[in-house]
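Take this structure, written in structure tokens, and hold onto it; I'll ask about it next.
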Amino acid sequence: MSPSSLLHFLDFAGVAVFAVSGALAAGRKSLDLLGVVVIAIVTSIGGGTLRDLLLDRTAFWIADPRYLVTIIGAALFTVVYVRFRRPPDKALQYADALGLALFSIAGAQIAESSGLGGLIAVVMGTITGVFGGVLRDVLCAEIPMILRKGNIYATAAIAGASLYVVLQDAGLARPWAAAAGMATIAGLRIAAIAWNLTLPVFTLSERR
Amino acid sequence: MSPSSLLHFLDFAGVAVFAVSGALAAGRKSLDLLGVVVIAIVTSIGGGTLRDLLLDRTAFWIADPRYLVTIIGAALFTVVYVRFRRPPDKALQYADALGLALFSIAGAQIAESSGLGGLIAVVMGTITGVFGGVLRDVLCAEIPMILRKGNIYATAAIAGASLYVVLQDAGLARPWAAAAGMATIAGLRIAAIAWNLTLPVFTLSERR
Amino acid sequence: MSPSSLLHFLDFAGVAVFAVSGALAAGRKSLDLLGVVVIAIVTSIGGGTLRDLLLDRTAFWIADPRYLVTIIGAALFTVVYVRFRRPPDKALQYADALGLALFSIAGAQIAESSGLGGLIAVVMGTITGVFGGVLRDVLCAEIPMILRKGNIYATAAIAGASLYVVLQDAGLARPWAAAAGMATIAGLRIAAIAWNLTLPVFTLSERR
């Protein structure tokens, strides 16, 4: 996915963080051990898989099965951990923000490397970052978290991926544009968590 | 998608109408502005995207990003419009019927152009016409509208796409078969809305 | 899918059994006749279709439309049957266990024939066996049955597909490994039904 070994490490860190978030969501629904692992896998690979299907690439976890091993390990670790200790909510949300930042920009880069334009790169980046969480919520029979209550999640992904595209168009080198995009996503998301920022909610006044 | 510029215009009109219907559905669920846009996009492109994935084609909105621009514009227009005026329910439902007619026949034609037989063409036409609405309802955590309460929606798509296939087998020229198929879909759907027609409901008598 | 005509017959028996299970699930939700057929189709083809998309193969029901004919016939038969007689619950569950066994091992074999390793073969086998039921439950706006209440369903598929892979690695001939895998899946599932076996449920103690 990326040449530098730091980015490669972050990539695995990203799936691990999303696996933990999926396992915790499953725990709130009283699923069995297998259900927890399945939700963790779906949360971690959902976005990248849809991106790969749409771009006619081999799904990244088929190309490199170590992703699955990482995810299953992270999910089982979570199950054992919460038997003994309360999960650190804020720490996890901040890690999730980093995962969102990394996945969204990586997704946009993959779209670019397929020769697609800026708008599609933003859409693919956003799909990569958020679709796993959407699947997690759909499987738990809930309205997806990213669509509810004005929380700034997909919005952060869209803003950061757009900045990444615009900065490159303006002539900035790719690594700097990527860093700026990731910082924007993580920053917006962390600010939204810390200060409870929301987007305006759109409601039809009359019931129909 | 189609050579004539009238059909091309109808194509964009179709995604716009489905975007409006998605935005209105999102408004009923108190989603935020981004959620409204996401639901509008999913409603408009869901059917054609699944068709393209199944037929191993590039998704139509990746091939031509102007579809996304049209959809986002229609969704934002809807959000602004309903601040000032009540949406015209019946007018919108009739427009939606036209969108269903166009998408279903266009989907069947694309399956035919991939060399597939009549049954698959009907299935692909139906998927193209209705799957976006299914995704919209799943994301809103509802049983999909097309499956509930005996309303004639997918039924209209199936009937019209089948007629389109049968008329061509009987020797009718493709444009006339397409026109007959579209008229059937739009007509059945509009009649169902105007007179509240339904299909018989199938219920297992005992709770199990 | 398989050379021997016994396996080919079992393949069609598998989609038919899953179609019946989908039609019965739809009946519990008071869907209309079309909704019943749609749920039956989705339940039967969902798993194999996702597997084929991920492996970049033509969906099996596009390659051979007789699957759709079988599914639609089985769904309509179910609708007529339950008008007159109570469906035989246990018999159906046992047949479903056989369908799960066959689909899971067939899915693993298809992954192997695409040159993929053991872990991916297990994942593909499990997807093939269970994803149709997941879609059925999502469309009915329920938390998927395989994730709830510790029932042994996907677990059986994972265990049997893993055994199939391990036995082949150990040198056993493919048909024998397949037979052992199928027997494990069907046996575990039937035992779980007969004695109400469950997996431990994982619950976060505090509401968050």
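Letters A, B and C mark the chains as written, and numbering starts fresh at 1 in each.
The working rule: a contact is a pair of C-beta atoms (placed from the backbone, for glycine too) under 8 Å apart; a residue touches a chain by one contact, two chains touch by 3 or more.
Treat the numbers as computed from the prediction; the structure is a model and nothing was measured.
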Rotating chain A so its CA atoms sit on chain C gives an angle in degrees, to the nearest 5, of 120
Counting residue numbers used by both copies over all numbers at the interface, does the chain B-chain C contact come out same (over half shared) or different (under half)? different
Rounded to the nearest whole Å, what is the centre-to-centre distance of chain B and chain C, using the mean of the C-alpha atoms as each centre? 29
Could you pull out the residues of chain C that touch at least 2 other chains? 53, 56, 138, 141
Over in the complex, which chain A residues touch chain C? Could you list them? 24, 26-36, 38-39, 49, 53, 56, 58-59, 62, 65, 68-69, 79, 82, 86-87, 89, 138-141
In their complex, what parts of chain B are in touch with chain C? 53-56, 116-117, 119-120, 123, 134, 138, 141-144, 146-151, 154-155, 158, 198-208
